[in-house]
């Protein structure tokens, strides 16, 4: 077992923000502009889900601009477990800004006021007068004729504070913390020294999982990387020279090395992030290495202090006992 | 909260393109360019040496080689780096190569084979220096200084003999009174943990294409970056141009895990495209990627922990020395991230920590998933397990007894109020795994 | 036999300088390569292949499965002046089961060995070892002959071939010769083949019924892994449970695949139930001469050789 | 030299050199960029295609060796109408795709597995896919995807597949 925490965002008073915009384009599309890099973790999907939720419009309607320094604004890095929290919230605010603008301008078209209006599936309508109805894109065109751009912008810029250089003390070091506990079952083959991780159980604190399959995917992939770090991965550098610069000697786990992971997502919707979400990308992997090392101790009574714990180290330790 | 899309099963928006092969990763764009030139980088033959002479003429004679660039061609270049600008774009004459990934020359050719042949014909004269491959060696009095003009005033010495010339950054925590905490302890456990160089190993290595627009004088780069605008700033700064002249377009990214935060192909591509006014590609192979780009920092972590016989932590002291390799990259931030996580999710009323990032001649280290906190977690959660066993307590109960709750304070002195759900994760993992019965409110 | 320790495929060692040395060596041999010669030769008949082999020698790089040679020439394909591709020769892909002998063409793939039911039944050591070579992609291409001629001490097929007392048929334009597996390997990536010869066939005496065998591959990962060590253990028993023949072969624990003869002597003539498995393990560990490399230390290889041998014999005793 | 082969059910002739690999001609000459190069040494599986019906690392096949061969890549799994193969759809529906770089290779191996074994157990899927390294997913959802596709294909499913999960 291991329990870990992770403070996400850059923290320590370092300026940290994300800017996004959301606008109707073409015939029936909504374009989300963000420079957040989707390295596979799924920030684009998260952004679409959030904007969908706010605008009550199916994800099919959305597209995301291709990352480009000249057509997007700073979203910060896809690192520090920050994109769901930062860009997610920036997109949420942008979508809300667009929604506000839609209500504002449509209410003028309908000569009614917001509480009497609603939006669904791209249509804006009035509860008072059923003839008052138009699509977001029709509204956009009407406004364009008057030189008004229909668009929403959002910036999320939560603060942290620089710690004292001598003591490291600060009233807020990170924007938030995620937690993860993982239990693993291992079998140690005392003949070959090989450790098999048979099963992993994870409870991860996500605040709110915007995309539950995505959270599971992070935990499963994180477990594989943590397993690699615990048991097999090491770039061997001697006198500055790498001795294993290829994938037959630098070993990452294959499908046969990785356990099935059972994940439960703890959701308390208790952050300033979008819908109460926290970041989980890094905390998803961190618990695995210590969990495996602790489980090996449980299995054979040997404590390992240096990673990775290769079959050779297991065998040498068993030989000593 | 009643939601329609958030928290629901929604297929990933980019997945369809990825299962059909339509998704365009950098290398998939090469077919879009006619007469694309190929770059190969000549890298340092020795991890620590002065470059005394370089003769690129034999490379120029290779059929198909268009141009060979060295530092002499770009006197305006300055160093780059994510936090501290300490990494040369190209090592010049009488300058130092500090690890095997340092670039000495760029060979640009009509074909990749010609670029390779050209690269292998470049002649060098170097003056070899001591290779420092261990941070502990790096901190010895008689050790050579790796960055000649690096200066630092270290506040606290781990031992009076410690030499600071190669220390990149020193960092400290001091919460409440750690001495008092140890005095109150019934048991004190001291252990040293060590972690290794880990390679992020995204399936896609570093690759890029660049083109030059003569009219706007804009250099357009297609290459993966985890932070477009920061990469743009780093390139522009090193080249001495304004940011608007560097335009990066983000292709689909084949994994990153921290490895694509640093500059890799970008500046070399930009220089070649601008000088030759032709589109160029630079595609690393796996070996080059592993040697030239960042690693996870190896850390030596010493934890000293005081605990009462009831199983409550009273004091926690951490010393950590981290090998940052030849260049700073994210090192100054990684070391701090590790430090602020030194007790993990456990309430320690008294904490002290001293953490150092140290230069060596190893491949430089940078960002990787967990950013220092991964190594630290191995150490603190092993430490918790060691203590639980010594106390004869169930490890889950022991964790539960010390886990944060609202109102707890972190080593950084931050009072936790929102979203302190660690106890719930312990209880849930315990339930899920049918862990031995225990006290979930311990 | 001039130049007999040279690898038959003419592959260079890892560094470029070895390759150059090899090129020079070829010129010394004075074998003229015809101007305008084809750079890719893919004969359909063995006869033609042997002719090419005779004409080009090491100048033509032989491809069996390509799973090793293509790695050796990564980013340097353009340095190869000609290739001799054996994959189009159907005759070399055949498997023939006779009452006395099983004959395997050198171009039989690992995949074929791993999945063919008669191989699995008759030569389980070979089938199991083939199923653990790399992964499916490698097994589809990699061949038995390639594994043999590459002669890496870690080659997965090699210990089983020694245990089965396989004999290799080497052919050249001037005829054929037969070499016992044990005599074929001379060192790491070295064997007795000349640059005139190609490996044609592997001949294995059909194992008797009641033969017990145990294959074990130990590596640092569960798939896609070059072995840290391999073991192929084979016992022939009579109806009184007495061991009439024992062959214990090991890979990656010496410069070439080896048989642990002292262990075999100890086992032979004893009743299976009377053997001390622990002693057998110790004997095996004494006979190997491993090195420390990225795939394992000397200590690890000795300890594991000892323990897998012991485990295998305990397993036999329980059966 | 000129070679002729069939790729994705289409007969093609191509001028190739023995300095090229099968992967090079698929990606460059034919512009089919689904198969990826992750290592160039047969160590990662990202370049997996079916070659005469078997999964191979196309970085380890010399281009001229493709003469007369039958090749299938992920591009060839999509129907003429642009409909995804059930296995591709299953990768979408299980969330098996993260960065996606290994996915075309994994799909090809999975596709070949289902030909031999229409109802593979999880362990059998893992065994088959052991040569396709994925650094993102931890393989679990990839195994899910292969099994989901298997069950949909067994039940002779229809377009409502996408709703099953």
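Observations, loosely collected:
Labels for the chains are A, B, C and D, by order of writing; each one numbers its residues from 1.
The definition used in the following text is that contacts are C-beta pairs under 8 Å (C-beta built on N, C-alpha and C of every residue); 3 or more make two chains touch, one makes a residue touch a chain.
Since the structure is predicted, the reported quantities are computational estimates derived from the model, not experimental observations.
Contact with both subunit B and subunit D is made by A, C.
A separation of 30 Å divides the Cα centre of subunit C from that of subunit D. Separating the centre of subunit A from that of subunit D, both taken as means of CA atoms, is a distance of 28 Å. Subunit A and subunit C have Cα centroids lying 49 Å from one another. The mean-CA centres of subunit B and subunit C are about 42 angstrom from one another, to the nearest whole unit. Taken residue by residue, subunit D touches two or more other chains at 19, 38-41, 43-44, 95, 98-100, 127, 130-136, whereas all remaining positions touch fewer.
Counting partners per residue, subunit A has 39-40, 42, 213-214, 222, 225, 236, 246-248, 252, 254-256 as the residues that reach two or more other chains. Taken residue by residue, subunit B touches two or more other chains at 9, 11-12, 14, 113, 201-202, 252-257, 285-286, whereas all remaining positions touch fewer.
Taken as a graph of touching chains, this assembly is complete, with every chain in contact with every other.
The touching residues of subunit A, when paired with subunit C in their complex, are 190-194, 196, 232, 236, 243-244, 248-249, 251, 253-257, 310-312, 315-316, 319. Of all residues in subunit A, only 1-7, 10-12, 35, 37-40, 42, 44-45, 48-50, 52-53, 56, 58-59, 62, 64, 66-70, 72-80, 163, 165-174, 176-177, 179-183, 185, 201-205, 207-214, 222, 225-226, 228-230, 233-242, 245-247, 250, 252, 262, 264, 266, 268-272, 274-276, 278, 281-282, 285-287, 289-291, 293-294, 297, 303, 305-308 touch subunit B in the complex they form. Here subunit B touches subunit A in the complex through residues 1, 3-14, 46-48, 99-100, 131, 133, 155, 171-175, 191-199, 201-202, 224-230, 232, 243-244, 246-250, 252-258, 260-261, 286-287, 290-291, 295-296, 333, 336-337, 339-341, 344-345, 353, 360-363, 367, 369-371, 373-374, 377-378, 380-382, 384-386, 389, 395-396, 399, 403-404, 410-416, 418-422, 424-430, 432-433, 435, going by the rule given at the top. Residues of subunit C touching subunit B in their complex: 16, 74-76, 78.
Within the complex formed with subunit A, the subunit C residues making contact are 135, 218, 220-226, 228, 294, 296-297, 299-300, 303-304, 307-308, 311.
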